[in-house]
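Structures for review follow.
One chain, subunit A, links the two complexes that follow: it is found with subunit B in the first and with subunit C in the second.
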Partner chain A sequence: MAYVATRGGEKAIDQAERLFRQDLGTIDAARVASIQQSMPYLVDRVMGEASLYSEELAALALAQTGGELSEAVLVLRAWRTTQPRLAVAAPVRQDDLLTQRRISAAFKDIPGGQILGPTLDYSHRLLATDVLEGKPYTPPAVEAAATPAPARQPSLADWQRQQGLVAPATEPTIAPDDIPDLTREPLLFPASRAHRLQSLARAETGGVLALGYAAMRGYGNAHPTVNELRLAEAEVVVRHPNGTPFSAGRVRVSQAEVTSKEKGGYLELGFAATFGWNEVKVIAAATLDLNSAEAPVGSPVHEEFYLYHTEPVEASGFCIHFKLPHYVTFQSVLDAMRDAKAKAASAQPAPEAATERQTEPAE
Partner chain B sequence: MFNEANGGNGQDRPGHGDALSLLARARPERLKALAEGLLDGLGEITVIANRTGLVMVPMRDTVENVDFHLGEVLVSEAHIADATGRIGYGMITGRDLERAMAMAVVDLALAAEPNADAIQGFIETERMHLAELDAERMRRVEATRVEMETF
Partner chain C sequence: MSLSALTKPWAATSYGFLDASAKRELRRKMLKAIAVPGCQMPYASREVPMARGWGTGGLQVTLTLVNPASTIKVIDQGADDGVNAASIRRFISRVSGATETWDTLGASIIQSRHRVPEETLGADQILVLQVPNPEPLRGVEPNMSIARQMHADADYGRLWLTLYEQIVRKGRIMQGAAYPSLVNGRHVMTPSPIPRWDVPKLHMAKHLTFLSAGREKRLHAVPPYTRVEPLVFSDRPYRVEDHADLVCRRSGISGYFMNEIPQDHGGSAFEVSDSNLGIKAIRRAEGEPVEIGATWYQDGEFSA
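Moving on, here comes the complex of A and B:
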């Protein structure tokens, strides 16, 4: 079977796109700026899934797709391909992160302490309907501390290694230019850890959540506890032509480590990170990473299953392609169905005919 | 005309990386105004590159210490040279070619005269401004420090 090109409908197609865009109205810089300013977490989600960090372009993508997330991610991924890669930055290390939220559900007293940062975790989820009655909601100001929090916090996993709780890890020797890169090579299985973590970093939030949640509910082999969760900013460290490293700016990142149980004398850990502040995604993704080691092939927590099915552009693209013309495919189904019916009908006499024969007066 | 191998500037200068990092985060309008004022003193300038592009950002996994790619960041880059071969370079996150060029112009002026008062004064002002912004934010963050108790 093959797809077939269809002809016709050009005018309708043109008008359909116009209808979509006309419904959204004029898109100007003010609208883009408003989205960027008022919906930072949505912008973060789109940047993470698009694997392209630009708050301005993510806001533009949301504006021109009306917030249709799969379309917004697709248009950003497509735009990315028009740009040259100028450099590979220095690897971001956890203890260099400018950390604004850092919590652990596994260890109460962690070096550096726990900082809730910006969160709705312990708030009442009440819709501020007064706003719709003309009463603007102005949030109460934070009562700032006298001294600032340290910008950088030590790595909890490193501290746990020093305590003998987590397996030792060797320093990587790979040069940044040689790190496996999914944007330039295919995802093959078993995947390298670099491919797995890159794929999870750009995975679709809802897909990762669904599969991670399935693992948490019991369809996996490890129930997670958050070892450390961070929302932070990372410096993008590049090099001047004379070799001097410097930061070209900061990007928001999320990191999660989850742990489950002891294995071989050490705590097992799962890890995930993404662009933007998106805790649900990194906790769910780290849970999938944690579950991968002993996952049966074909189960939702096996890496081949979850990496293939959480790639946002491939997943949404495959799903929505089913609404495009499949007339040849479907015609063949109809033909086969009619043929089978015809054969079945000819194989046995119709009851009505038999009855008629019985009532036929004998000659 | 210029030596790409060492950027045309010879050995790296003390504090150069720190200055570049501050220029990359400096307030855009002030940076552009500074660059505008420096341009006349730089003579003929060759633009080697002024473009947008991507920088891939790797991250180190904390579990197995594996480096992996987090994703790409949109940046603007400017690379210029003066008649003597000195290099000026700017790279900033985001889409603002003028700002990247302004950074490159200031970097070129720094290469010519590392202790120029106007530039050093600008860098110090921006350093204090950015430090105050960070401190203000982190004082609010510190207010959310929590001491958990178990019963």
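Moving on, here comes the complex of A and C:
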């Protein structure tokens, strides 16, 4: 049994996991609640990439992984796998959204107005070091406007359609249950529009930003103008078995619509939406969508390229798998290399080769 | 009839972790893969509680095949106690109640990364290989859509050209593991990164082999008694690794694929890669009654 005694892999993995968990200490409901309350944007990002909307479960995933984002997303995705698909929610229209922030860079003002909502866009990014010196930061109260902005805002693209600037919308004829579901079917190319937008919705924020930024910088042919950016809450409307539609709750959503230039007499629009409030992700993703149509195969803005490479669970998993042993494959490579070198050495004319060898450093 | 008679008690997850809809999809794709040997079948590939690239494709196939009467063996690089193999085996048995084993002869399902066991598999056994990259054409065509078209056209010219260029440049084919092989005379597959030593074990085998890539969402199969022919030129025969004469420093057996262990003083020692075969040989040498099955290789020569 000496052979076994020198390995002991099963015990080692058990202890390695204990070391990781020991550093994080006891995880209780209070810690989860504190993450949920103090880091809503991080929770949103994780919910988006996991394509699972539950602030509590996302906060739990962050707590038990110590904020290792790719691990948090994986643990949520794996949990999601175990859940049944109970219903398909009704489509959400832009003018149904309970909108908290909605801006357009395409016009100075738009029907319904520019609603800044909550943002750090115009803040000075100063680190609040006072907090560490015992002076807690309490944000000043918000002064309400004389007339509150309406909860629902019209769609800018609808106005553009009325003006003939954007192609008329075609109503989908597909039954809700038949909408392709990326979590239940493989992604094939060319991807259906549903699959492309679903894949972008659950894409890794950093990955989408990197490729979207590449497109913006010049590796795409469309420089985006933000037609409309929204942070909102959407009602999840499902149908009761007795036929009555009802709202099962609200989810925070972001959406971006970007445009660039004319095509066929209309402005082209790129679109992206995701769970949670994540502006960087939807702007970058909408830019990729906008650039897709004319993208050369193999370029970073071609859909097969960016959809494959922004999949968070696949990308991070493959990256970390290189830590696994590869000594069998490596042995196979060594075998071919040694044989090729031996062949090359025996093919060389002996005397000249030998003299030359001596002057070279040892291999 | 009451509602409770129609339903099962609530459980956090389904039997074998995957839910019924996921298993149904996988079964369909596995049957299609058997029907068209070596052809890659796309599947949805659900997330499982393990990182992509760590055997999630093999795991989904195993979880679909497993039942409480199954006996499962999981190996990584030939070893049953590799950290990831141990983790996968523990997970499968936890969610399925299947029996765990290290013994190739006693296993009904063998999930493996990068090796085919040395003991000959039988008709009642299924081999599930974990596949990182299911596409043999990736090296010559990274775009999956174009590669799919090339498979449809049996357009493997660029693959042949790569092998030819290696002979011209290096005097031999340099492909290490994952040697591209023609299945049933029609589809070229990657046999997953098993060493060249293991590819002949798939040819006209008694057992069924599934090859599943969870991250890439593709699976393919080699059904029993199916031709698996490595791509070679008629005047350049297929060459397995030069391991026939190496001797395992622990068990003393030879004629099998070995792990090379670098030594402090320079040079290398060798240990048999199929670790449980080594353990069985040691036990037998110590006088225990241990059954060692027939092996594909005898005295370093493939003989099946």
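Note that in this section the second predicted complex is superposed on the first by the 338 of 363 C-alpha atoms of A that agree within 3 Å, B and C clash if a C-alpha of one lies under 4 Å from a C-alpha of the other, contacts with A are read in each partner's own complex, and residues count from 1 in each chain.
As a convention for this text, a residue touches a chain if its C-beta (ideal position, glycine included) is under 8 Å from a C-beta of that chain, and two chains touch if they have at least 3 such contacts.
Values in this document were obtained by computation on a predicted structure and should not be read as measured data.
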Classify the contacts of A:108 with the two partner chains as first (subunit B alone), second (subunit C alone), both, or neither. first
In the overlaid three-chain picture, which partner chain does A:75 touch, first (subunit B) or second (subunit C), both, or neither? second
Which partner does A:179 reach: the first (subunit B), the second (subunit C), both, or neither? first
For A:84 in the superposed arrangement: first (subunit B), second (subunit C), both or neither? both
Which superposed partner A:132 touches (first subunit B, second subunit C, both, neither): neither
Of the two partner chains, subunit B (first) and subunit C (second), which one does A:30 touch, if any: first, second, both, or neither? neither
Of the two partners subunit B and subunit C, which one touches more residues belonging to subunit A? B
Who does A:120 touch here: subunit B (first), subunit C (second), both, or neither? neither
Taking the two structures together, which residues of subunit A meet both subunit B and subunit C? 80, 84-85, 183
The residues of subunit A that touch subunit B in their complex are 47-48, 50-57, 80, 83-94, 98, 100-101, 103, 108, 113-119, 142-151, 155, 157-158, 166, 169-172, 174, 176, 179-183, 193-198, 201-202, 228, 234-236, 238, 240-251, 253, 255, 257, 269-271, 273-275, 289
Within the complex, which stretch of subunit C touches subunit A? 12-14, 17-19, 21-22, 25, 42-54, 56, 76-79, 81-87, 90, 113-115, 132, 142-146, 170-178, 193-197, 215, 217-218, 239, 241-243, 250-251, 257-260, 273, 275, 278-279, 282-283
In their shared complex, at which residues does subunit A touch subunit C? 1-4, 7-10, 12-13, 74-75, 77-78, 80-82, 84-85, 183-190, 297-298, 304, 308, 313-314, 316-321, 324-337, 339-340, 343-344, 347
As the complex stands, subunit B meets subunit A at residues 4, 6-9, 12, 16-18, 20-21, 24-25, 51-75, 77, 79, 87, 89, 91-95, 107, 134-148, 150
